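Structures follow.
Consider the two complexes below, in which chain A is the common component and chain B and chain C are the respective partners.
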Partner chain A sequence: MIENLELLIDVCLLTFLLLIVFAAIKTTNLFVATMLFGIFSFVTALLFLDLDAVDVAFTEAAVGAGFTTVLMLSALRLTGAFENVKHRHSVLGLFIVVLTGAALIYGVADFPNMGDANAPVHLHIAPEYIQLTQEKIDIPNVVTAVLASFRGYDTFGETVVIFSAGAAVLLLLGMGHAEPKHEPEQNLVLWVVVKPFIALILIFGLYVQFHGDFGAGGGFQAGVIFASGFILYSLVFGESYARQVVPASILPRFAALGVIIYGLTGLVSLLSDKTFLDYNALSSNPVSGQHLGILLVEAGVGLAVFSTVLLIFYSFSGVNHNE
Partner chain B sequence: MIISILSDICLLLGGILTLTGAVGLLRLPDFYSRLHAASVTESLAAPLLIIGVILDTGFTLDSAKLVLIIVIMVIVNPTITHALCRAAAHGRISPEMESETEFSGKESK
Partner chain C sequence: MNELLGHVNYWIVIFLMMMGLYMVIASSNLIKKLIGISVFQASVFILYITFGKITEGSPPIITDNTDVYSNPLPHVLILTAIVVGVATTSVGLALIVRIQEAYGSLDEDDIHDINDNDDFDIKSRSIT
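Presenting the complex of A and B:
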């Protein structure tokens, strides 16, 4: 009964996804398309939640539905709300798309069944990670252990990717500056409601950052949540005030600092005759060394993600749209 | 026993309100009345559904978090509706009226 119910929910959510995709393709209003993409991300997050991937669902909801939507809306301020109507139906394009789709569907046939205990991914390395997490790292959330410790290299790569994305946006668009005449209208209801909520959002961001060892969360989600507090402030009270709280010029430095914290943590262990990012070197007790290492690394990730997200938002919304 | 019946009532009422909200969102004529229909779903149906779940699971740490979610929803959703309404008025969307003279606000298109 319960399994069938889960299957039913999965089928419903996947059908939703299909419908949303078709609606997003059909519409020519870019605002509508942006909102549809936001809904798409939320439904995807629900789907991840149904698959018990809480951390991934969290990231999808924070980044996909929250931040990307705000970013798209900022971009729409620069491009205008409607798609350039240019309906050219290319036969070659259709052929390539159908071919690729057919190949993908053909590939799905070789997949193991969903939830199959004998699937390769469950036999090869996952059991070792689960066992080693209890023995060597001693934190409840295996995802954080895998992300920050076992696969610390990969996460370092991801952090660098995020940093370079921020740097690329900065090079293309520049920092911009807030114009006082673009201040949002003064709205007492929004002011009163938003003010305490910004505090709540920031506290929640800190909770997610430092609670990542025990529950869902970690540096990536916390960075986005923390930045969204500032983005909300900027949207409601005006961007020039937000730029007074967090000046745009320090954000690239913060982003670099996050990457440097991560890298230095690895370098410290390298200098004490261990491999790169082996946190056992950080303390005389290996387990507390692991705890310290994960804390530092997550702090680096959180700082880098927070600064990059806010940086991209500033860049997009600060572009001069007079020309 | 009584609690489980109460929870069922809450869930049922929440479901009905969600349904009426969805129908209203689809069928009502203009932006403002649709917003009104959607706000019914947000401000009443969702808290009712969550209360039903809380009654069903009993009072644990999880239900405390759910209570927090209710508080946030009850404060945030009317604010969002308000903001959307202001944005629509700002974008010069005028409500549909039976006779145009009754609307004393901006000039209707």
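Presenting the complex of A and C:
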């Protein structure tokens, strides 16, 4: 019964997604397309929740639905491209798309059924990760254990990619500066409602950061949630105030510091004759070594993601160049 | 019947993917192209998470009352991919903002026309 219900929800949400994307293709208004994409992200997050991927759903809700929408709206403000765009019908494009789609449909015919416990993907390494997490790392959230410990190399790479993306945006747009005269309309209701909200968002961010070992969450989600607290402050109270609380100039340093914390944790293991990012070197007790290693690495990720996200927001929302 | 229901996720994901691809091909506006790429990317995420699902499984957080967990590995890959995805999308948006500053348009056809015009000097238009 329950699995039928899961499948029903799954198919309903996927149908929603199809309708949303269809509407996004049809619309000629960029503002509408952006908002539709925000809704698309939210529905995707629900779908991930239905498919048991709680950590992924969390990330999609914070990143996709929250930050990406704000970012796209900021970009629209900079380009001033709210007006209608012309839609061109491409017969050749449609032909290519249908052909590729047909080839892919043919390709998935061999795939095992969804939810099949004996599918090849479930037989190779996932059972070992689940078992080793209980034996060697002793934290409940397997996703955090794989992310920060078993596959620490990958995550280090991803953190460096995020840092590089922040650097690229900084090179392209600069840090900008807040326009002193331009302050949002003073709206008493917004002020009163938002003030306690910001405190709650920041506390929630910290909870997600440090509770990631036990439940859904971790450095990636916490970094984005923490940054969104400051983004909300900036949107409601004006960017010049937000830049007084967290100056843009320290953010690149924080982002670099996050990557360095991650890298140094790995180097400590190297210096004690273990392999890079082998947390057993961090403590005489291997399990507490793993706990300490995951805590440090997640802190590095959280700091790097928070700084990069806020820096990207400042770059897009600030006054740049000689506009 | 089982075969049909077991593959419906894959089919819808491919539909989504192709709609994203069509957006990239058919719209001449750069921001809409970027939204198309993001839709394509999100459908790949859904495909991976679908692989990880086990019927009657529970989320991969160890508890005493279950022993079937969905596969955590796709979750890890996609979790980081989402954050990296937004970082790369922001680089794309930054490039679009600079293109708008240099060309005064976000329409691919307009940009091609301006480039074909010999009088146009990109260096004089770009802002330092």
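As a convention for this text, the second predicted complex is superposed on the first by the 306 of 323 C-alpha atoms of A that agree within 3 Å, B and C clash if a C-alpha of one lies under 4 Å from a C-alpha of the other, contacts with A are read in each partner's own complex, and residues count from 1 in each chain.
By definition in this document, a residue touches a chain if its C-beta (ideal position, glycine included) is under 8 Å from a C-beta of that chain, and two chains touch if they have at least 3 such contacts.
Model, not experiment: these values are computed from the prediction.
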Report for A:197: first if it touches chain B alone, second if chain C alone, otherwise both or neither. first
Report for A:282: first if it touches chain B alone, second if chain C alone, otherwise both or neither. neither
Applying the touch criterion given at the start, work out whether A:189 contacts chain B, chain C, both or neither, answering first, second, both or neither. first
Superposition-derived comparison: chain B or chain C, residues of chain A touched: C
In their complex, what parts of chain A are in touch with chain C? 2-3, 6-7, 10-11, 14-15, 17-18, 21-22, 24-25, 30, 33-34, 37, 40-41, 44, 47-48, 51-56, 59-60, 63-64, 67-68, 71-72, 75-76, 78-81, 85-90, 93-94, 96-98, 100-101, 104-105, 108-109, 111-117, 119, 121-122, 125-126, 129-130, 133-134, 140-143, 146-147, 151, 154-155, 158, 161-162, 165-166, 168-169, 172-173, 214-216, 218, 220, 224, 305, 308-309, 312, 315-316, 321-322
Once bound in the complex, which stretches of chain A touch chain B? 185, 187, 189-190, 193-194, 197, 200
Give every residue of chain B touching chain A within the complex, in rising order. 72, 75-76, 79, 82-83, 86, 90
Can you list the chain C residues touching chain A in their complex? 2-3, 5-23, 25-29, 31-32, 35, 38-39, 42, 45-46, 49-63, 68-91, 93-98, 100-101, 106-107, 127-128
